[in-house]
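Input: one structure, supplied below.
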């Protein structure tokens, strides 16, 4: 069985879906690996390295697609290459299937099954394939590191002979996977960290990382069964707004991670709130691609309003491509193993399996 | 001005109570069971009374009722003494510090 | 042997008994303590022989009975499985109690042998002493028998209560006192037998309302009783060794049961008075299917780990909630100082965020080379003495390996059940994130340490 | 009063004394303990009067002497400044010793009064007992006098040693034993006086080689001696109260001095045998001018802080070296649980890097609002009960304020000396970065806790 | 078979030593000084002997040498008793737990 | 007495020598403050803010220089403005007096005394004026933050369902003020930190921050009395080289801070060492302006060699201008107070005072 992967458009995607380490694992499980040339060179991974692990390298995308039974990607390849897809092959990636349904249908018409991993159910068994968790985790980390690098002051408290630098105050909006890692990272650096979320369970989680949870009076629990958030009531929104407005006056850095699956991201930081912030403060909005949690957020742009810097990042993992690729590739590996029937040496699309059923784009 | 020996015995009794009190306060909880089994063994010092009872009177009397009770008490106490100390010893083996 | 000499030797044996108990207070000196006890006993017996000075036929019989009893005791001691210890001790107590009764009877029947006067004309003090000795001995006997039956499982461990129980006990107590009063007056045999009989009954009634869980306390209490009985007899026989030992055992047993109650967070009086304590305990546990768990405290945990050669720490979300990482690090430091090999096993999804445990352990400066991921360490559990599971739950749940219906089936889990003993630090038996029960709590080699993870770990540090 | 009754009361007073000592074992029950002691004493005295039964002129005289002595005692007790406590206790010991000698003399001179036989024909046992009592009493007396003089500063605190000292002591000891042997044989007055005289000398010689720093141990040891003397007299007088109390005081004093040695990390035998211990101590300290420092242990520190209403923590480079931040945080948590207000005072150049302390405190999750910089907190020292200085030195050195010649003159320093007591945790008296001595070590309200900062703090946590 | 009271006294002596041993082990170091001063006060129970010595013999004899020594001993012990207990009391005042 | 400061060349210097906070302190001590317009606007500090504290603002540099008795700067003003300096005025800053002696002499010819604070003696009393410490401290911090932001992997160890990210390994070369702060910062973030120095005392200091000290066998103590480093012997250098070569194979990030006062910075990371490092590793050289501790270091440039990124920073505090300015301004304030005779309301250049004597450029 041949697993293939073609290079992504490196302008917009620096991660890769097979690392040499994982390639080795596939091969020892009986797969063959086929990749396009210069697959990981931008990450300092030479083609040599892949070859050492036993991968085959083709110069052209076409050649990879023609031969591979399973194609592992991050984003969908350019439409022009769909024609080369092998009959009955399988394509796995993070395809935003909602928005890209047209393209995916074209692929499916080639008799290729498409699995899009953002559809993965959040069940315990699926944790090792959960690309949303693994990537959100790194995003949360990187958002903090990035904003600390941009911030014009030092983060930790320092009492020195030349006066005291007080600890920076960070607010994390949304304490999901990304938010929690952001809290942990900021806390490590010595920042004073506040966090807000609509799910009540997150209070304990925030505190378990040393953060302070902003408790909205009379908060209802807005957690769905799957562990995601529901949209909040207007009353809740009002109270949350007041609390955040008050808090923001002393906050230096805001990390936004609040999302509601399938909906536009909730707008939490309003124009008025931003006015009250000190010049030099930073709002780092990881929800940008889904509309952003902050006013003025523009995707992949840095906006300055009254000295407050609002950063809308949609591709933050391009700044942490090595680690992100490692985890992503491992997620895919676990997913493939679950699909693969080792005894029969074939792919078994078992629709009884919740994981397979839910991720298959129908 | 002779003092009744009872007074002395009573003094001894009271002082022993204090000692019992203090000795136990400092025991590690993990030793509670061996401690109980050792105190149990010790309390069979009642065998002293049993022996006196068994041997009371002349040789011919040794199977009078009272002596028989003495002999029975000896058996009971003896079970206890041997059993108690040995079982304590076994338990304490477990607490032997491993060599490092 | 002169009276003075034998009295001195009895004193010596009393002192050896004190040293025996003292030795038992720490593991290092405990064996030595046992030897002191044995020495004291040998001295007491030999001195008794010498002072009675009768080496005729009787002496031979005594020796024979001594050996018969001794052999039985020895056989029991070697055969008994370690797990049956508590019931064994209870059984032994009953013997001491009965022996005290027998000696008292014997003294009552033949007071001349003990210098207590003549039949029907026994000295007042001696009479009181011997009847008290007999009564307490009888209570010890029958009480211990009940405790034994309960522990052995022959009798149900459930408390047996009935209306008026306490009144009945009170009545029995008063009767004994009244009977002793009349005994002093009339010195009648029947009265004496009645005292013994009623005391047997009282012993039974005192112990049946006490639940199985409180048995250790009861045993210690009965131990104390047996001591008082011995002391009573000691006064009768004017024997210092018996008095010292009796008082020693009596008070130490009482204190020990008090300490044990405190350790279990139970009220001493509730336990001793049985019935009352039992009711509220029963009601709270009826809601759930009550599987038995072993409930330990910090000292137990400290002892187990100190004497282990390797310990694996399994942290989970509860450690994070309790912010126990610093205390944990300290505990590990203390263990390492004791020569114990310690490593940390991190499950990939422990906590509520990827890398949750790593953040906290790094904060507590745990060296990276002591931290292992699941695949690296999972085989080590089989060779490890203690798994210390601190606030983790789902990540250890073996159901993930066995039950396809379980929501966590298929998740790799840490094989903590392979280690020799498991210590679980959590606040209750409630489940973790996945909401499912963990079978490990009820295993034989599991000790539950119910407390906040930080508090418990700090206490363990103190005990180390 | 019948002999039996008085014996019972003496037992009671002995028990009250036991309870008195027991009470003194914790601050909560200590005052109650003192009352027990007083009660025991009153009972003993009253019973003695009643059993002697002589209420003639003599009784009045006794009362008068009792009151005279009592008034003197009371006056001393109220007048003495608290700081003179140790010498006061030493002085009191000498009185007990002398009293024992006097009683022994009196018994020797008029044995009939005590039922010990007649002059020249005293019972052997009594003779041994009373001469031992007298000898130990005499040693206690003269030894205590020397201790008193040393503590009072009338005599130099330096150890006085000379060649052959130990030999001489040995010789004196043997002489006393030989003399007692002859006394038993000849019952001659002169021998008795000789024993007393030599013992006085022995007391002096025993104490002079012991240095001032070890005096507390010596006092406790003398306390023990006075107990043994009392017990000896007790045997002579066949008085249970005296025997119990004597043995109690004798053994508790001995144990206490042992405990104190352990607390000071000194060898018990070196201290008691004086001369030997002194030599190595002297040599190491001769290089420096020997200013006295008060040396405390973890329990003292725990006690002081637990009972404080506010504590300020001053961390320095030593905390960083010892990596004591986690233990410190734990200590503070424990204090806060005790209701103590705790804050951290950070000097701008504490440590070896700007912000050094902040990094470490943040690592230990110390809340930022408990951490204050110098200017914010410096005025608070005046209102704080304890300043806990952990591994800091230069940043507290008041010389920066007073001595223009000092290399750190002009640097702002934390005014720790304004707090009621100062605890200094460091390993030795050696200076910090600036290499200069810190006068605070020698202040009256300073307690030095010589140990690694982490270890000491952990121990304090344990004691809390 | 009368036992010499000395044996009893000796037993009492030995047991008291044990109690002394145990009682002190558990004392907090900060109470060492009060403890010493209380034991000091207690050890002046020697006054019992002093009183007997002072009152020995008939009323006329009360100024014989031996009695004088008794009286002196009374003074010394009395200083100690009053001084010792009072000063302990004073010290303990300092340890009074502040109200919280 | 009037204290003045003119705007720096904001292209190359973003710090400022008077902050509003410090201005207030001067004024309450009886000084007047005169600054150029837009003095701190690039840091989000409007002229308004200064005015609120009571500062006067002039539009032109000339006007400031003409009136000020004391001039506080970071770098020397442009030569063309020297003519406007007031007679008998004083100029204080961080002028690199060794290299700029010519320019300074020109100023002195205007009868202006020049104090250059890098000359400050390292005595305890001078700590509160010690700009080298205060700025080095922040440099050490920022170097770490910056390289973490550039690094393509995550720094802390994360054991996740998608595999383990191992902790990054950081080597700090030179454990002076900057080095120690770098160690502390990297350690906080969860990195495994190694450090090397020639001064023996630094071992304990490194360990007090949780770093591992690379012990060079038979290391001599190369500390001068002033607390600085001496040049190392050849033997030492050889041993150090071997040790570092070995260590570097597993190191991800190197922070270089080793300096020897008045000499070129020691070259510690050689070409050969760099060859052995993994692609993607980073060398952040704070010693760049004095020649750099690493091969290939170029001042203010980023060089890539075999995938290893070598960053030569000379102006790192421009990335942390707010905090750096706060501390710098406070240092200057303490220095001015020491010069100033409050009673007489005049500057007292007391040559007895070691601090004044040594910093005055003669």
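Going by the order they are written in, the chains are A, B, C, D, E and F; count residues from 1 in each one.
Quick note on the criterion: a contact is a pair of C-beta atoms (placed from the backbone, for glycine too) under 8 Å apart; a residue touches a chain by one contact, two chains touch by 3 or more.
Since the model is a prediction, treat every value here as computed from it, not as a measurement.
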- Message: Need the graph distance between chain B and chain F over the touch network, please.
- Response: 2
- With over half of the numbers shared counting as same, classify the chain C/chain D interface as same or different. same
- Note on the structure: So the chain most remote from chain E by C-alpha centre is A
- Task: Quick one: point me to the chain whose Cα centre is farthest from that of chain C.
- Result: F
- Using mean CA coordinates as chain centres, what's the chain B-chain E distance in Å? 35
- Item | Intercentroid distance (Cα basis), chain D paired with chain A, Å | 68
- Item | Inter-centroid spacing, chain C versus chain A (mean Cα positions, whole Å) | 56
- Item | Chain centre separation in whole Å, for chain D relative to chain C (CA means) | 39
- Note on the structure: So chain E residues touching two or more other chains come to 2-3, 5, 8-9, 11-12, 14-16, 18-19, 23, 25-26
- Set of chain F residues in contact with two or more other chains: 127-128, 133-134, 137, 156, 158, 160-163, 165, 188, 190, 210
- Message: Residues of chain D that contact two or more other chains, please.
- Response: 14, 18, 240, 244, 323, 348-349, 354-355, 359, 362-363, 365
- In contact (per the touch rule at the top): chain pairs: A-C, A-D, A-F, B-C, B-D, B-E, C-D, C-E, C-F, D-E, D-F
- Inside the complex, what are the residues of chain D that reach chain C? 323, 326-327, 329-330, 363-365, 458, 462
- Query: Hey, which residues of chain C end up touching chain E in the complex?
  - Reply: 3-4, 7-8, 11, 14-15, 18, 115, 240, 244
- Touching residues on chain B, where the partner in the complex is chain C: 5-6, 9, 12-14, 16-21, 23-57, 59, 62, 64-67, 69-92, 94-98, 100
- Note on the structure: chain F partner, complex, touching residues on chain A are 43-45, 127-128, 130-131, 133-134, 137-138, 141-142, 145-146, 148-149, 152-156, 158, 160-163, 165, 185, 188-190, 278-280, 307, 319-323, 326-328, 330-331, 334
- Which of the residues in chain E end up touching chain C in this complex? 1-4, 7-8, 10-11, 14-15, 18
